[in-house]
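So, here come the structures, one by one.
After this come two complexes, each holding chain A, first together with chain B and then together with chain C.
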Partner chain A sequence: MSDAALPRRPAWLAGRATGPRLARHTLTLIALALLLAPLADLSVVTRDPWTELGRMLQGLAWPDFASVESPFHALGLTVSVALWGTLAGVVLGFPLALLFARSRLVRAGCAFVRAIHELFWALLFLQVFGLSALTALAALAIPYAGIFAKVFAEILEQTPRAPADALPPGVGRLSRFLYAELPLAWTQLAAYIRYRFECGLRASVLLGFVGLPTLGFQLETAFREGRYPEAGALLWCFYLLIATLPWWSHRRLVPLLLVGGVFLLGPWPAVDGGLLWRFVSQDLWPAPLLAGDGAGLVDWFASIPELAPAIGNTLLLALLGTVGALLVAMALWPLASRHFGHPASRLAGRGLLVLLRSTPELMLAFVFLLLLGPSLLPAWLALALHNGALIAFLVARHADGLEPGMPGLPASGRLAYELLPRVYPSLLALLYYRAEVILRETAILGMLGVATLGYYIDENFQYLMFDTAAFLLLVTAGLNIAVDALSRRLRPREVPQEDPCLR
Partner chain B sequence: MRWIAASAAALALLAQGAAADTFRFTAIPDEDQSRLVERFSKVADYLEERLDVEVEYVPVKSYGAAVTAFRNDQVQLAWFGGLSGVQARRLVPDSRAIAQGAEDAAFETYFIAHRSTRLEDGDQLPDAVEGMSFTFGSKTSTSGRLMPEHYLRQRFGEAPDEIFSRVGFSGDHSRTIALVEAGTYELGAVNYAVWDAAVEDGRVDTDQVQVIWTTPSYPDYQWTLRGDADERYGEGFSDRVRAALLEMDDPALLDSFPRSAFIPADNAMYAPIEDVAEELGLLR
Partner chain C sequence: MAPTEHTNEPLLTLDGVDLGHGERVVLPRVHLHLARGERVALLGPSGAGKSTLLAALRERLGGAVAWCPQHHGLVPGLAVYHNVYMGRLAEHSALANLWNLVRPLRGPWGEVAALCELVGLDGLMRRPVGQLSGGQRQRTAIARALYQQREVFLGDEPVASVDPHQAHRLLGLIEQRHTTSVIALHQRELALTRFDRVWGLRDGRLVIDAPASTLSLDDLDALYPDADDTAASAEAPEPAAPSPASLPCSRGRA
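Let's look at the complex of A and B:
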């Protein structure tokens, strides 16, 4: 495409420099969202949500810690699952990272396992390992292995070549890796593992929603049954856990936590090979296919929910969620950055971000459902706020590492001329990474009756129709891989790579 | 890195199977699922005393998970809802319903409406509900989904999403009540026992939301036992389990379910549920 063929752009949008290019990306995204928004069902129906919202606020303001059954066990288990799940992900992902650049098969495999939400992995493993720590660990470790493989490979790729080149000829591959590559990449690898661990904590809570006894188990039940003081107590526990993360996850404490975690995770189930084989060889496949019944297979396909509207809803919600997250992140990151406000405002800003990014989307969605009525809108807001706050947190951390070069500017100038231009490429890069996550998360908002692919997957797990669920999971994974590929193409290349957590 | 190896070794040591001869059961009450372990451990103690085997309660979150645990032999006895019981007995041949709650022989669903609909309690669902918004409970709930959908189809000859402008799944009876009370959905279908308990405790504002129709009665919750129980726990074990359930008279135990007593049940009683579930495509 030559520049001459393009319609004339206003000067500030023209050109190949980073700024205008990112501006074009952003504006295209927003325009696309505005254009497609009328297709979404965004009607607002409110009558009198205030009684229920009042009860919720009261529950959050006056949490009842005494009503929680064994809170320390639930907290401990949440941490143990996250810790061991992340560790298992590292152990599985590391060897894959070394093969990542060379093997197309490894790359495709990693993309596939990443593309399925932790909750759906848990639902799959639940059928075989039951409600056990094994299910929880596998549900975290498998997708994380795929993520680690990809990110570790990118980090290793960027380690300076010089030390490896300086080694005498004939040094083995392993020695070269251990002495010349690993030490250089170690800080970045460790920082990324640390960031992934926080994601693991949130996922560990979510696993409670399908029945593993982490914090989410009681939280979901209490919230669902309207016992808000109990739900409030559990939420506060979780907020505190996330807010104090930098202190209790200190390097020297980790081995202690790991060993303690082992005792909490048990008892381990005896793995029944028969169950595993039955699930893999029968449950996951359409019965007519196994019986070799062609006509039956046609009927089976007819019984699958209509795919086109489901895919349409999933993509639309993901697009709206992504654009929403962009706007939320832009609005919120300065609140938590050291460059703006005073200590009290920053504390409040950070608190708000912890609150938004740690409250499970499902709960945010329920609050908006009460406020706005049933439509796509509550799902959109929940996705935008949760993911926007997460991006804002990472961008604020990135900005804190920058030194303003033009002292004496007022805050607004510092934001507009100094910091925003410097953090915006990484903000957008984060958003593109997050788009894939948002797409996966549309799955868990089926409660709102938004018929996304995930809604049907969840439904088929509940009806015990694992073959249909497996088929829909494959479709979802394909969609995720496509979106991931697209976002990788669009991602700004100029992102400073010093912080691997910005991915 | 040394601690990783050490921890992995510790993990391997602990990774041993649980004792095989423990009798395990699970139960999900249809209301108030707080302190599940504490409450049902008392039931486990009672059963342990009556059955002379070690009894353990396994807390589960959803009926789907309960059915899976039952199918995989991770629990041998389960307190199922109508539909989940039918699903479980299909998957585990020879398993049978052995007891139900006194209230479960004739269970009912209430259709409730927000006051803005101006609908009143009547002998049948009024035509005016067409085009309003409506929410079920959870997707696999017998009283919150299966039977109300059945009666809706019987009354209007159409699927719910053709009758109503919007159909939601609140996920729980308490939530259905909360959503209709707030007017988020205009109508909802709710387990009668949960509604009655909520009204009694003053947890629902009956000026905002009221019952407009009660379904005919149908069988619901029941205890289902695996068919191989006698083989594994000794001759006559199934009969002893059934006797222990039927003779449970301590209100503190019964309140956990919550039921006033347990009465005998058998698989045939649930044939209507099975038919409806097949008709709606929830079973195959």
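Let's look at the complex of A and C:
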């Protein structure tokens, strides 16, 4: 057959099949990140990062458990805060879930509280409740209520209709819900609560960074003061806590943990109602707005620090973090998959992924920051590694459930022809889910000194300029909601109904 | 079971009504008459509109109906007892229903236990429906319908996945406890032996509406397009009609 008679050979990555389409999509994303990367400050500021890294790894390898002061109290408090915070989130979120589909107001409110990171909520409540368990619980419960409302509503919406249709006429709404809806959704609801509790555990550790006496507080101090063996010991405690989660968080033990937690959480602060009301009704609002002074409001706006660079940095870091997470996930998932390597390499790969994904991103960023100095680089590394490992872990699990149609292909062929085409759409979908989380994390990394929106929020709280801080929180939330909507549009449509526990 | 064609007190009359879901008409211009005391077998290939017709009857007869839907409409996470109890959910207060989930109410527990023994589910009352076999689920669904204690039984293939002997026994129970019944099924012999009247649906039309005594298996075979080719071998028993288990379930036509 002559060349002319052949069907036309497609150009590079041309075609409407899912593979080339998603490849083009991905390459565009990477190109965009490369194009914008020069705008980001990715310099290494510290003089000798390698020696410092060596000392840290040494601390991790030879932890000094004796130097940790009352580790059990910190661990217990971390668990109690996560447990009670999640429970309060369920209690607040469940009724909202029932209204979710019907009320635009509820949906908007939930989107708003979700869009603000737990740590920012903690900063806010810190002003009224001080360094107390109430601050910690509220910081978890409020955003989680918004998340639970949304996810519960989605789960309930997907329950089969047949049992409810089969009921005799005249059954009340509550009875119908109790018998024909709730039992059908129960397993999924419970699985999601459990997943959220794990997130709560990480968030609870992070609350130590704003001064609450959870594990993170001791971790931060130890790291900051260069006591790496102590920091290493604390980190191992945390990993142990996460690794043994399935045993100590058994269904039957939860009531016991809840009761024990109450004793650890105290002493409760005396809430001054007048002070609280003043904070909510006056301190959070610009004074000219309350006074109805139009010109004063313009001046007030002028007094807000230049936001464009901070917003730019936030978005840029989120984009870089997302693309970095994509690259990390692509590089790491085969390490943990049963289709590649040998048992030892897989064990190492899985271990690495579990370590990276259990370490809270703020923690990672903090360590990199100590190593590299305050530029966008440590934040970027932390976001890419943490989220990339998380996605890689899920993708490896997905791939392990697949059976290659043609056994005996070489590893490269297995990757490129058998597995990647099947797992890539869900990998990309996961990435777009994470994009919103990454943006939220980007903002809080500012608390470490990276010049994102969070930096200014933290600063304004420190200077007691609550009105400005509240305004910046609003900006952050708005940004988050916008990026969430964007990532939902970009997400590949090929992936069927996804498990909420993967977000 | 003497034919009771002459009881005649009308329960429901459809006179040229279009039946369907919303805008989509599945059964155009239906004419039929259901008399009190009548036992009707509803036959037809899957997708012919049996479920649509039953749903329309259910809607029109309202509170008089004990309803046994296709695919049972059971809740897998609840025990057999609770699934049967759901038949009378409307008769108790929400609070009583809630408490019943915590601990079964004494009265209903006894009544449901008696029913479960009748349909052959004794000893399974506390087992989650998700752990039951297909036949056991079917019997749970029938027990739930019986528990409602209504005048009319409407069943969408209630005896599709039980063995022939059980089918006879369960149909007997249904007859005993309801004055009137309309039951969709695929077993043609059962339709001729246990029912007064047969309604046959094909392609959205009611093509048979006659006393069971005037019909033969050949007449019923004509309802099934797949049986046309093998019409010569009329005495071919069950296999001629598509067995309900092998058919794709027609979701969304409840």
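Convention: the second predicted complex is superposed on the first by the 395 of 503 C-alpha atoms of A that agree within 3 Å, B and C clash if a C-alpha of one lies under 4 Å from a C-alpha of the other, contacts with A are read in each partner's own complex, and residues count from 1 in each chain.
Methods note: a residue touches a chain if its C-beta (ideal position, glycine included) is under 8 Å from a C-beta of that chain, and two chains touch if they have at least 3 such contacts.
This one's a predicted model, so the numbers in the text were calculated from it and none came from an experiment.
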Which superposed partner A:308 touches (first chain B, second chain C, both, neither): neither
Which of chain B and chain C A:172 touches, first, second, both or neither: second
Touching partner for A:187 - first (chain B), second (chain C), both, neither: second
Chain touching more of chain A, residue-wise (chain B, chain C): B
First, second, both or neither for A:35, with chain B first and chain C second: neither
First (chain B), second (chain C), both or neither touched by A:344: neither
Partner chain in contact with A:163 - chain B first, chain C second, else both or neither: second
First (chain B), second (chain C), both or neither touched by A:221: first
For the chain A and chain B complex, residues of the former touching the latter: 45-49, 51-52, 67, 69-70, 87, 91, 126-128, 130-131, 208-211, 213, 217-218, 220-222, 224-227, 230, 255, 258-259, 262-263, 266-270, 272, 275, 303, 369-370, 373-374, 446-449, 459, 461-465
Complex contacts: residues of chain B adjacent to chain A: 3-4, 7, 10-11, 14-18, 31-38, 58-65, 67-69, 72, 74, 87, 91, 114, 116, 133, 135, 138-140, 166-172, 174-175, 178-179, 181-185, 203, 205, 208, 281-284
Complex interface listing, chain A residues touching chain C: 162-172, 174-176, 178-180, 183-184, 186-187
Chain C - residues contacting chain A, complex: 62-63, 66-67, 69, 71-78, 82, 86-90, 92, 94, 97-98, 101, 144, 148, 254
